[in-house]
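Structures incoming, each one as structure tokens.
Both complexes below contain subunit A, partnered by subunit B and then by subunit C.
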Partner chain A sequence: MDIKRDYYEDIELFRSGTILVWSILFLIFLAIFPWLIQKYHPLGFSIYIANLIAVHAIVAIGLNILVGYTGQISLGHAGFFAIGAFTTVIPILKWDFPLFIALPIAGFISSIFGFILGLPALRLKGPYLAIATLGFGMTITTIIKHMEFFGGRMGLQAPKLEFLGTPLKDIHFYYLIMAIAVLMTIGAIKLMRTRVGRAFIAIRDSDIAAEAMGVNLTYYKTLSFAVSAFYTGVAGGLYAFILGFINPESFHLIMSITFLAMVVVGGLGSIMGSITGAALMTYLDIKLQAIQDLPAFGSALVVFSQKYMSVSGISNIAVIVYGLIMILIVLFEPLGIFGFWIRTKKYWKTWPF
Partner chain B sequence: MLAQLIVSGLAVGACYALLALAMVIIYKTSEVLNFAQGEMAMLSTFVAFTLLDAYHVPFHWAALLTFLFAILLGIFFEVVFLRQAKDPTVLGLIIITLGFEMILMGFAGWKWGPDQRSFPFPVSNIETYNFHGLVISKINFWTIVVSLALMFVLFLFFRYTKLGTAMRATQQNPIAARVMGIRTKRILSFTWALSSLIGAVAGMLIAALGILDPPMMMDPLLKGFAAGVLGGMTSLPGTAIGGAILGIIENLFGGYVSLAFKSVVAFAIIVLMLCIKPSGLLARHYVKKV
Partner chain C sequence: MGSILKVEDLSISFGGIKALNQVSFEVEKGMIYSIIGPNGAGKTTIFNCISGIYRPDGGRIFFNGEEITYLKPYQIARKGIARTFQNIELFSHMTTMDNLMLGRHLHMKTGVWRGATFIYKNSKAAKEEVAHRRKVEEIIDFLELQSARNHFVVNLPYGTRKLVELGRALALEPELILLDEPSAGMNMEEKGDLMFSIQDIRDDLGITVILVEHDMNLIMDISDRILALNYGTKIAEGLPEEIQKHPEVLKAYLGEEEKVAQS
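Up next is the complex of A and B:
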């Protein structure tokens, strides 16, 4: 049943009928999601959450290509995210570029930065790479903050999107983001099944062995950084339009860590895991940011905060929960949700043994 | 002007050096890069602030209690989180420290809110000393003095005490150290306590030089890493010198080139240093076997 007879079977997108059916069902769900949700929740906010999840999923996939598949650490993805956001908004604002040109350009500019960051990464291992990328992320936001061209400390207002003269509505933007997210997911899955993806995985498992097998380390490591930065840059461009407003202060270190948390929670080296992780963590974050609105528990928490903590900082509980989840995942389930899924699947397959 | 910039750079550099020393001590002993160092220092500083501000404890007692808190915090992190990790990868360890960083950051944000405060340090940051025309603010002067004194004590501790020697032995070869009868696990906890203590001193000095709010250690954390990289993440004297050099270069850059892009210097130094001489300023070249 699982035997592969030729190479093309190994690289095809849907490995079995089951996966195909579930994928189609999922796509249909995405398509009718606005109608489903309309009855129970305000449409605008639900679409906002869905958009945010899609954007975070793109970032998580991009970061997973780098961290999960190639085995390089990055704590600077908020930097690429910021580059993507600003290089999408500025051409549209200043030179009236259409989104469909500005977005890929932003992705490419971001991937050039990824390539540049990949160069020192060739010589750096583990912890040192973490330091260098951490510095990169913090430096990019500093530079953006101090340049008038990027709107300085105040940031930029994202323009209203238009398509052939008619302004784009929320719901259209939702479909646009979903289409881009699905395309990029398919792209990532395909990429990981080809020569390039296998080279990434070989580098992760042992870069010296990979080099001995003829994998060009310089080429593939920088390529991995570039691809990862491209994904993050495109996501950053979309993010600017979701928020409608970008300012350099929001692309801080915590954001990079959040991205890493999504990848780790979802599962290193799994595209589906990245999507699940992004969805879970984004939803959790939004719920926890407004923790005082929860029934019963929320008001008790406010009273507690008034007595011992501060009410103005109550949304920081989200940060605490994030940190706890990261630690617990590493301690108890290093492969994240994906690992849990694999174990469950194996358990049922071999049941009752 | 030049001498002025160098002196104030030296004061900031001394703080970076302390923070970097705290990280390097940990890195040498357990190969863990402590991204939570800054936030551990920040939390300790906030504890000191609360003792001083809300309970009106005299400064020396507040400082002592804060040091005690820092020591307990370090041991707590090592015992509760790091020790539980079975056979962790480099990424896993980094993520644990990042997670701890977020917990501390969230806790401080929850407890003390996002307001910026000034840290009530007993030395004024307006009054100045005047050494033959070289004007130095009191706080800069005392920062340098305190840091140098602490570094000297550290040197004595590692050189002459039994515990310090045991720590050095553990750093060099944990298995051999265990064979010699050193309780390496306990030494590891001690190392975290020591590192957290040094970090707390650095945090209080940095808060005294600037402001006190939850994200205050973000920038110094990167600077600390830069100083550590200058010392090759292994050599303590190299790290101390690296911190001083970083502080001076940064201040000169801020004074003569551009104040806005001052914090880019640290990143440039990290990348250059890692590419050209990853083993640090003082360390001999060391290549790891496959």
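Up next is the complex of A and C:
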């Protein structure tokens, strides 16, 4: 029997020394990454990829809170991403708001929309909820596209960021994004281990029992949408500055689906999984765009693609390989990459027996 | 000793079936009150009406004199009624500890902001969490669930899961607890332990118990009063020895046995 007397351990961020050590190593890695990478790759592009991964990780964590932890579904998160992007850029552009005020406001505006979208979720389940959220995502981009205020069809140029009058360099923006991503990750981990997170998981596992134990389903389901939308909105705000330009067309359905894919591939109900899922899918997406450069194999793919699948050439082969990898992961590891990790960990713990 | 729960003319139908037909009964504070009846008699349906999962077609339910008939399940939980389910409704991907901690939901306050941002052992959220974990540990000790404490409940044996569900209901610190076939799937020894636990729940924790059970020995041993149902209708109500001899009850159970014998 294990006697437990220090209950704080259960909710502590680092529940073991190993986790603490790995977390510190990872933080050090993030800190020296620009310096490490610049010897081998152009710094600007590497930072761009890293930023994109961090932003996607924030989205994936937010979406996982809704899908993996609360058991709801959303095919409309590109909508929150767009809301976050536009409501961050516009106050900075039009009223000279500083980023550190505009960004949380954008998160809150996004979470209000999340709350509103959560209301139909009280009555809708599974496929029906998927369709409702899909409609939400499409409506948002359509509305943005048709309003001059949001730059209309042309979109908006993200302003150059400044800090106390001096323009922010790429490398500073990298550290800013990483800091926000790390803080939001910690927030999510803590939230999932305390009262609110438990209520979310309870709703996922048995909504009847959750309600009978005093969980107000209406409140917590809409709250989950709101928290999820907050994460996605903040990520959208950062995304605008990574691209430097936002256009309503880029927040399409495929983007929503890709977000969902990151969550599923990484592992439903796992924060660490969300991060790995986001990293893997983002990296693959970028790398596969250059699939024709693979030695021998690449040119064969191009020939194959041109012959059977397209007139224009390569672009679809990247999508197909991307899809294939997703299918393989989900097929062989239904728990996502994180499930694989847990099993490997078990394996090494018991090795060589 | 006043009445804690009063059910008046409770009726509900599903399609053409009258699952409950004008059922009335009253439970006094501090009782172990049992509801018996053959399969499909409407026992679980009564629980579902009391806990707000079903909305009755007619009739009223009073808890401590206050009408609760059309309240939502979470509001009824807040009034002080907890329950378990016939087909175990646990949060299967949580540990035993976390399942019980959910039972503390109503007694805790931490919201999104505090939950996501606490850093120190002395922050409000952390303190609250620790205090309630201590409380839950008492329940774990009470039901002797120590060995299951940190296991995910999916991996636990059936009988243990039943106990975890009981523990979760106790964690709510209810005034009234509804137990739907708590001994199902338990062996003789576990059943014996359970019987003592139920008595302790009433005697030591001061919680009134309404029990649905098929095990007649257990029922007759621990019930203060018994309600017998058949086809959604109350056929008898009284002390265990009255129910045991009641002709309608004997008929209902005999009919059941004949049906089994024929099939």
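Following the convention adopted for this analysis, the second predicted complex is superposed on the first by the 318 of 353 C-alpha atoms of A that agree within 3 Å, B and C clash if a C-alpha of one lies under 4 Å from a C-alpha of the other, contacts with A are read in each partner's own complex, and residues count from 1 in each chain.
Following the convention adopted for this analysis, contacts are C-beta pairs under 8 Å (C-beta built on N, C-alpha and C of every residue); 3 or more make two chains touch, one makes a residue touch a chain.
Note that the coordinates shown come from a computational prediction; the quantities given were computed from them, not determined experimentally.
> After the match on subunit A, would you call subunit B and subunit C a fit or a clash?
When both complexes are placed onto subunit A, subunit B and subunit C end up side by side without any clash.
> After the superposition, just quote the angle formed at subunit A by subunit B and subunit C, using C-alpha centres and rounding to the nearest 10°.
80
> Mind working out whether A:Ile131 is in touch with subunit B, subunit C, both or neither, as first, second, both or neither?
A:Ile131 sits against subunit B, while subunit C stays out of touch.
> After superposition on the shared chain, which partner residues are touched by A:Asp293: those of subunit B (first), subunit C (second), both, or neither?
A:Asp293 contacts neither subunit B nor subunit C.
> First (subunit B), second (subunit C), both or neither: which does A:Arg198 touch?
Once the two structures are laid over each other on A, A:Arg198 reaches subunit C alone.
> Quick one: is A:Asp170 in contact with subunit B, with subunit C, with both, or with neither? Answer first, second, both or neither.
Neither partner.
> One more residue to check, A:Pro120. First (subunit B), second (subunit C), both or neither?
In the superposed model, A:Pro120 contacts subunit B only, not subunit C.
> Please indicate which partner A:Leu324 is in contact with in the superposed arrangement: first for subunit B, second for subunit C, both, or neither.
first
> Which partner does A:Asn216 contact after superposing on A: first (subunit B), second (subunit C), both, neither?
After superposing on A, A:Asn216 lies in contact with subunit C but is clear of subunit B.
> State whether A:Ile208 touches subunit B only (first), subunit C only (second), both chains, or neither.
A:Ile208 sits against subunit B and subunit C alike.
> Using the superposition described at the top, determine whether subunit B or subunit C touches more residues of subunit A.
Of the two chains, more subunit A residues are contacted by B.
> After overlaying the two complexes, what is the shortest C-alpha distance between subunit B and subunit C, in Å?
Superposed model gives a least subunit B-subunit C C-alpha distance of 10 Å.
> Residue by residue on subunit A, keep only those touching subunit B in one complex and subunit C in the other, then list them.
208
> State the interface residues of subunit A toward subunit C in the complex, per the touch definition above.
Going by the criterion above, the answer is residues 1-2, 4, 7-8, 10-11, 187-188, 190-191, 194-199, 201-202, 204-206, 208-217, 223, 227, 269.
> Considering the complex alone, what residue numbers of subunit A touch subunit B?
Listed in rising order, the residues of subunit A that touch subunit B are 67, 73, 75, 120, 123-124, 126-128, 130-132, 134-136, 138-139, 142-143, 146, 208, 252-254, 257, 260-261, 264, 268, 305, 308-310, 312-314, 316-327, 329-331, 334.
> Spell out the residues on subunit C that touch subunit A in their complex, using ranges where they run on.
51-53, 72-74, 76-78, 82-83, 85, 89-94, 97-98, 101-103, 105-106, 108-112, 114-118, 121, 125-126, 129-130, 133-134, 137, 146-147, 149-150, 168-169, 172
> Sort out for me which residues of subunit B touch subunit A in the complex.
These residues of subunit B touch subunit A: 27, 31, 33, 35, 81, 84-85, 88-92, 94-96, 98-115, 215, 218-219, 222, 225-226, 229, 233, 260-261, 263-264, 266-267, 270-271, 274-275, 278, 290.
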